[in-house]
Amino acid sequence: MTQPMLSIKGLKVAYGGIQAVRNVDMDVYEGELVTLIGSNGAGKTTTLKATTGMVPMKGGEISYRGKSIKGVPSWELLAQGLVMVPEGRGVFARMTITENLQMGAYLRNDKEGIEADIEKMFGIFPRLKERATQLAGTMSGGEQQMLAMARALMSKPKLLIMDEPTMGLSPAMTKTIFEVIRTVSSEGMTLLLVEQNAKLALQAADRGYVMSSGETIMNGKASDMLDDEEVQKAYLGE
Amino acid sequence: ACNKPADAPKADAKPADGAAGGEIVVKIGSGAPKSGGIAHLGQDNEMGAQLAVNEINAKGDLMIGGKKVKLELMGEDDAGDPKQGATVAQKMVDAKVVAVVGHLNSGVSMPANAIYGAAGIVQVSPSSTNPDYTLKGVKTPGGSVSSYRVVANDIQQGSAIGKYVMEKGGKNIAILDDATQYGKGLADYVEKTLKDGGSKVTSREALTDKTTDFKGVLAKLKAENPDYIFWGGMDDTGAALSKQMKELGLKAKLVSGDGACTAKFIELAGDSAEGVICTQAGAPVSKMAKGAEFQANYEKTFPGKKVEIYSPFAYDAVYAIVAAMKAADSVEPEKIAKAMAGVSFDGLIGKVAFDEKGDIKGGVITVQEIKNKKLEVVATVM
Amino acid sequence: MSFLQKLSPKDSMLGILICAVLLMLMPFAVQFLGNTAWVRIIDYTLLYIMLALGLNLVVGFAGLLDLGYIAFYAVGAYMVALLASPHLSDNFASIKAAFPDGWHVPLWVTIPLGAALAAVAGLILGAPILKLRGDYLALVTLGFGEIIRIFMNNLGKDGFNLTNGPRGIARIDPVSIFGHQLSKPLDLGFVTLSKEFQYYYLFLALVVLSVFVCYRLQNSRLGRAWMALREDDIAAKAMGINVRNIKLLAFALGATFGGVAGGMFASFQGFISPESFTYMESIIILAMVVLGGMGHIPGVILGAVLMSLFPEFLRYVVDPVQKAVFGSVVIDTAILRQLILGSAMVLIMLYRPKGLWPTPTREDKKVVEADPSATA
Amino acid sequence: MTQENIMLSIKGVNKSFGGLKALQNVSLEVKKDTIYGLIGPNGAGKTTFFNVITGLYEPDSGEFVLNGAHYEPTAVHEVAKSGIARTFQNIRLFGNMTALENVMVGRHVRTKGGVLGSIFGSKAVKKEEADIKARAMELLNYVGIGQYHDYVARNLAYGLQRRLEIARALATDPKLLALDEPAAGMNSTEKLDLTKLLRKISDDGTTILIIEHDVKLIMELCDEMTVLNYGEILVQGKPDHVRHDEGFISAYLGGH
Amino acid sequence: MELEKFFQLLIGGVVVGSIYAMIALGYTMVYGILGIINFAHAEVMMIGAMVAMTVSSILIAAGLPLLVVLLLAALVAMMACMILSYCMERFAYRPLRNAPKLTPLITAIGLSFLIQAVAQLIWGKSPRPFPELLPSTRVILFGDVGITVREIVIVGLSIVMMMGLLTLVERTKLGRAMRATSENVGVTGLMGVNPNRVISATFMIGAALAAVAGIMYAMNSGGKAHFYMGFMPGMKAFVAAVLGGIGNIPGAVVGGIVLGLAEAFGAGYISSEYQDVFAFVVLVVVLIFRPSGLLGQRTADRA
């Protein structure tokens, strides 16, 4: 294969005294759907935050399309097509749904294109259309999750990072989200997915990584991992 | 541990400070606001005192107790705040000043006096015009008066203003003040005089020393259309009042006291200053025999600065202290305080001598009117 | 203080003892090094410590921003001034008749009364504005503070002269304990204590008491409730905390500190006027709390000490230093002081955003790596 | 059924936001010592229902009975006092307080140490404090995060925070424990542990009302359940009954 | 007579209120985006007035027509204030983004001490006359009710400013970015917006308004500038901002005007002594009934 689109080597992150991430190694190749699973507090979110320049890294290397992005702020990354849907949605509560979507397209200047894409999102998530003018903050947890997802897609990312996008979603909605994930993936978008619903994640993904207490302890083809009893015991609850 | 109130430098004390063998250095304190809203006036006072000190030292002929005396002015910032006033007062007492020029605001002079009095140190204020300052003054342990002033007090000033206005045929007068110790105090005496004199005080209003918009109260006064409006307050606020009266088309003549009887007022009030009447507790520097000389000297010593109001008085306050020093032929505070009662000399501001309360004898009040951007004396009230 | 708590009871007793001795000797040292003015400054400092501790109850513990705290100080001060000076009898015939030589109520009455009155004021302020959040509350308290001051300034009309207006109330009795007036030198035989010294010990006692009370409250059920309120009021309610009541409680308790300090201030200075209770004072006290370390008692004390000593310290050094360096006063002293004070505040906040001595939090401690997934 | 064995009985709750009817005539009864499930699509009104019964949102109408006693859900703290404790969908811990302190706060409503007592450190208060601490620690261990007792809450990972919230709620000795998506953000294994925990809580005599999207989990956990959709009741009854309801399948599971 | 008095008070109130409004806009914008009360804003306004004073006195000496002088002076003053404000944000506030809420408040107070001190060094301690750049000639409306040209300009300006800001914040991309930043700096970054730029911009816009406000205030308050001049209007503007619902742009203007009217009518009909008391009483009453200000809408706190 060619060089990875995103490559993380020996990542270390600490919050004050707490070593949240000790040693993470991970590669994401163009066009892949990679999933990162692990129990609560394993350090997944922290890893993603470090990648998108939201928390400073204490050690290691992160490079995106060959260039090191150590200390590169999140807004410059988006310009290069690296986008994240943060854990806990982070929608703009005091802005309407539409405005939230427009924020997603902040760096784009093609008015028509933006309009079209907003309509497209409304197509995928009808509930958002119904509430187009409601303040995001007053929406239900699930509705907010859809919005966050849609907003990220608005920026036409090359690499989309998602932190637990189905958290708090009804089964139906979870299906929808995964359908979306599959489609965008099949359309060639590269995805890095952190997901608690390990089964669904692994079923959708090409490759998977497992994190435990701050370290990537294993990785491999998603299908293989589904059958690995270690994984089954620890994360699939079987 | 505790410093006995009355321990002050003996004539031979602190040779350390003394430059030459026979010379002793004597500290005189000066307390005035050098920060905050009226810092410029405080500065003025201190500079007045500084001038006197420089002069005396330059002459270098001041001999006390057979020793040559070099004066040193200890200028402290009381920020016009009673609490800080008390603090600097204590600081100066500790620094063994033999007497104090100050403070500027009556509101500060009075609490400070408690400290000076107790320490047996005499205080001569160049600008505190509130009657209570001397009336309620503290006696030194030695039983002498400790609160003196070289300006006339607000009773004199108030009645002078009131009388003058009535002479000029004022029937309906509105009285405004800035709700400060000074402004309100003065306004009260003006009001009293007018009422006793049978004039009508159409309304009595109070604003603040930070008020910049008088339109509200002026609109009210306009409805009453008084023929005079008295302002008990400072020059900057007074100027705003004067301008806004004009903008609202009030016919009334503006009258004010020493706080607003300044060059600054004219500068700020511009054209609206024309015809404004104000009094000064004492003669204006322009009318002082050596006034011009003083001004020149002042502007030479402190480039870019102009005499505001009270520097001449601060200047004479120093001379009063020195006179007492000479009379007592000692630099002991108590002795100076004692001798102060007997002091009498022709100063810059005129004759300087005190009554038993500590007020200046025959303190004159000068009534002035602003004619083409100049203060012109129109009357001098004894 | 806090570090004492960590020590074993025995050591902490020792520590406290040492502190006590040092504090007892402090004024002598100060007198020796500096002079009476400094003892006086320290007296004021002690008052400010009380104020800071009181405000800390409201801002630091309960997280209610109060920009008008000085009002309670004023209430206490004026109450003492009225009860312990000839002012009322000079201005009200009826009282004159009853008390020919004026009212002179002793310390034992004025302190609790001042505290109580301030507490009531606290409730009166608190009650109507409980619904308000964060900065809305802050502003109303600011307004309250100003309103009180304005009334003090205007209730001085002839006819009904309650506060003597801007002229202020003078000749307030000094504190007198068992007939001895603290304004008079006290001869203990081996040493004579000046007014400043006697007040120092009185104030010190009050401060120690305040600190004690604050600690007890902080580590109590109420202290926790306040903290919870500060963190998330909705969650606090959901935990069954009656937010309304504990807010009021915080206001009232905080106010009492102010009231007592105010009373002390009045009798110490013997003269009070509205100028001493401006909005700026409230701000300065708030600065003490925040600069020191909001919610952390030792920090707050440190803050109060610095904020009240530093400007005075500058008063003493700025001129000499300038003279030494440039040979003359280049920059006007008063301005330079303001300049330095301002910069100091900014810099402290820049380098110690949580204050100089903040509550030690979890992050500061080294973490023994516990595997989070171990729970699974 | 008789009143005695009903813990919570809600009748005809309506709640609307402007034009939007978030709850329409919702009624349900939770039997004592059972686990009752509340599910439904996103935006169905589940959290709103919680907010209403706990006094956070004022209902347009409705009747509320807890443990046989009528109550008006107006003051949140009153509701908590009368015995309903809850957790929040978007976790609301006291971020800067330690895990232990968080749980200790939960004891507030069941203790009474006052100002004077605290200041003078009266025997009673000292004892009460000790008890609070002991109980809090006990609860932390009970939910399995004892070793994090001195962690500042905001520094705990999502899943741990959820457990902490449960401990804090339990500290108020609730008659009814209302959980809003406690399993959100947990993986299957962790969910199993949570299930065990909830069972334990229920067996130890606390009635539970739970919102959860994990059908597997809710079905095996609950004795009875209500499915909301667009603010209205879709189905109500035992899991097996609900499981086969057409409306439920299409609206919630999204077809087969 | 009475009627005339009423209208005269009305005018006076609206004028003063408009000045409060202009300053309040600055408070509100910064508050809106960072949630901090930038007390130093009052000093920014003071600096604006001071700079304008110096510049205009030079230009007048050079004999330019007053209107030109006014425009040039205003321009320079705005520049100065924007730079000052930018530096404040960059060096004093930015490092405190994640600091406890009250930390920037104290910084702000420290800053205003600092700025005042500097102003004293440059312009001295005493009030300086501010040239009459706008005619204070009285235009009679009816009877004896009049308004000066300057006052008309002031009222006009405040409205224009408000409209301008509203369009900026509600309609433009920058405005949207501002609102987003005000909610969550981190996530805004994820949208490709550089929050630092947005915040700096906000401060500078507020500063520009402050400069204009400073000039108008200096002219309206009896034509003087003083290092201390920021304090009072600063405090009043803060009140106005909160009264209208802090963070809310029209609110700032409404709040300012309501405050101005309360003061004017209070002084005119009851007693000038309690002028400020009325201001605060109005505030308290309003907040008791509308806990988040006149126009401040509280967004439902989801649980």
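The letters A, B, C, D and E name the chains in turn, as written, and every chain counts its residues from 1.
Keep in mind that, in the parts below, a residue touches a chain if its C-beta (ideal position, glycine included) is under 8 Å from a C-beta of that chain, and two chains touch if they have at least 3 such contacts.
What you are looking at is a predicted structure, and each value in this text was computed from that prediction instead of being measured.
Enquirer: Starting at subunit C, find the fewest moves between touching chains needed to arrive at subunit D.
Expert: 1
Enquirer: Select, from C-E and A-E, the pair of chains that is joined by more C-beta pairs in contact.
Expert: If we tally the C-beta pairs in contact for C-E and A-E, the bigger total goes to C-E.
Enquirer: Need the CA-centroid distance for the pair subunit D / subunit E, whole Å please.
Expert: 48
Enquirer: Distance between subunit B and subunit E based on Cα centroids, please, to the nearest Å.
Expert: 37
Enquirer: Return the distance between the CA-based centres of subunit A and subunit D, expressed in whole Å.
Expert: 30
Enquirer: Just curious, how far off is subunit B from subunit A if you go by their C-alpha centres, in Å?
Expert: Whole-Å distance between the two chain centres: 75.
Enquirer: Scan subunit E for residues touching two or more other chains and write them down.
Expert: Counting only residues that touch two or more other chains, subunit E contributes 120, 273, 276, 300, 302-303.
Enquirer: Which positions in subunit C touch two or more other chains at once?
Expert: 154, 234, 238, 332, 335, 338, 362-363, 372, 375-376
Enquirer: I need the residues of subunit B touching at least two other chains; which ones are they?
Expert: Counting only residues that touch two or more other chains, subunit B contributes 34, 39, 179, 206.
Enquirer: Taking the touch rule as given, give the residues of subunit B at its contact with subunit C in the complex, in rising order.
Expert: 1-3, 34-35, 39, 76-77, 79-83, 86-88, 90-91, 93-95, 107, 110-111, 114, 130, 132, 136, 179-181, 183-185, 188, 206
Enquirer: Provide the residue numbers of subunit C that touch subunit E in the complex, in ascending order.
Expert: Where subunit C meets subunit E, its residues are 59, 65, 128-129, 131-136, 138-140, 142-144, 146-147, 150-151, 154, 234, 238, 279, 283, 286-287, 290-291, 294, 331-332, 335-336, 338-339, 341-346, 349-350, 353-354.
Enquirer: Help me check something: in the complex, which residues belonging to subunit D touch subunit A?
Expert: Those residues of subunit D that touch subunit A are 17, 39-44, 47, 89-90, 155-160, 181, 184-192, 213, 215, 251-254.
Enquirer: Inside the complex, what are the residues of subunit C that reach subunit B?
Expert: Touch residues, subunit C against subunit B: 27-28, 31-32, 34-37, 40-41, 44, 153-154, 156, 158, 165-168, 170-171, 185, 191-194, 197, 269-273, 275-276, 312, 315-316, 332-335, 337-338.
Enquirer: What part of subunit A is in contact with subunit E in the complex they form?
Expert: Touch residues, subunit A against subunit E: 52-54, 73-75, 78-79, 83-84, 86, 90, 92-95, 99, 102-104, 106-107, 135, 137-138, 151, 155.
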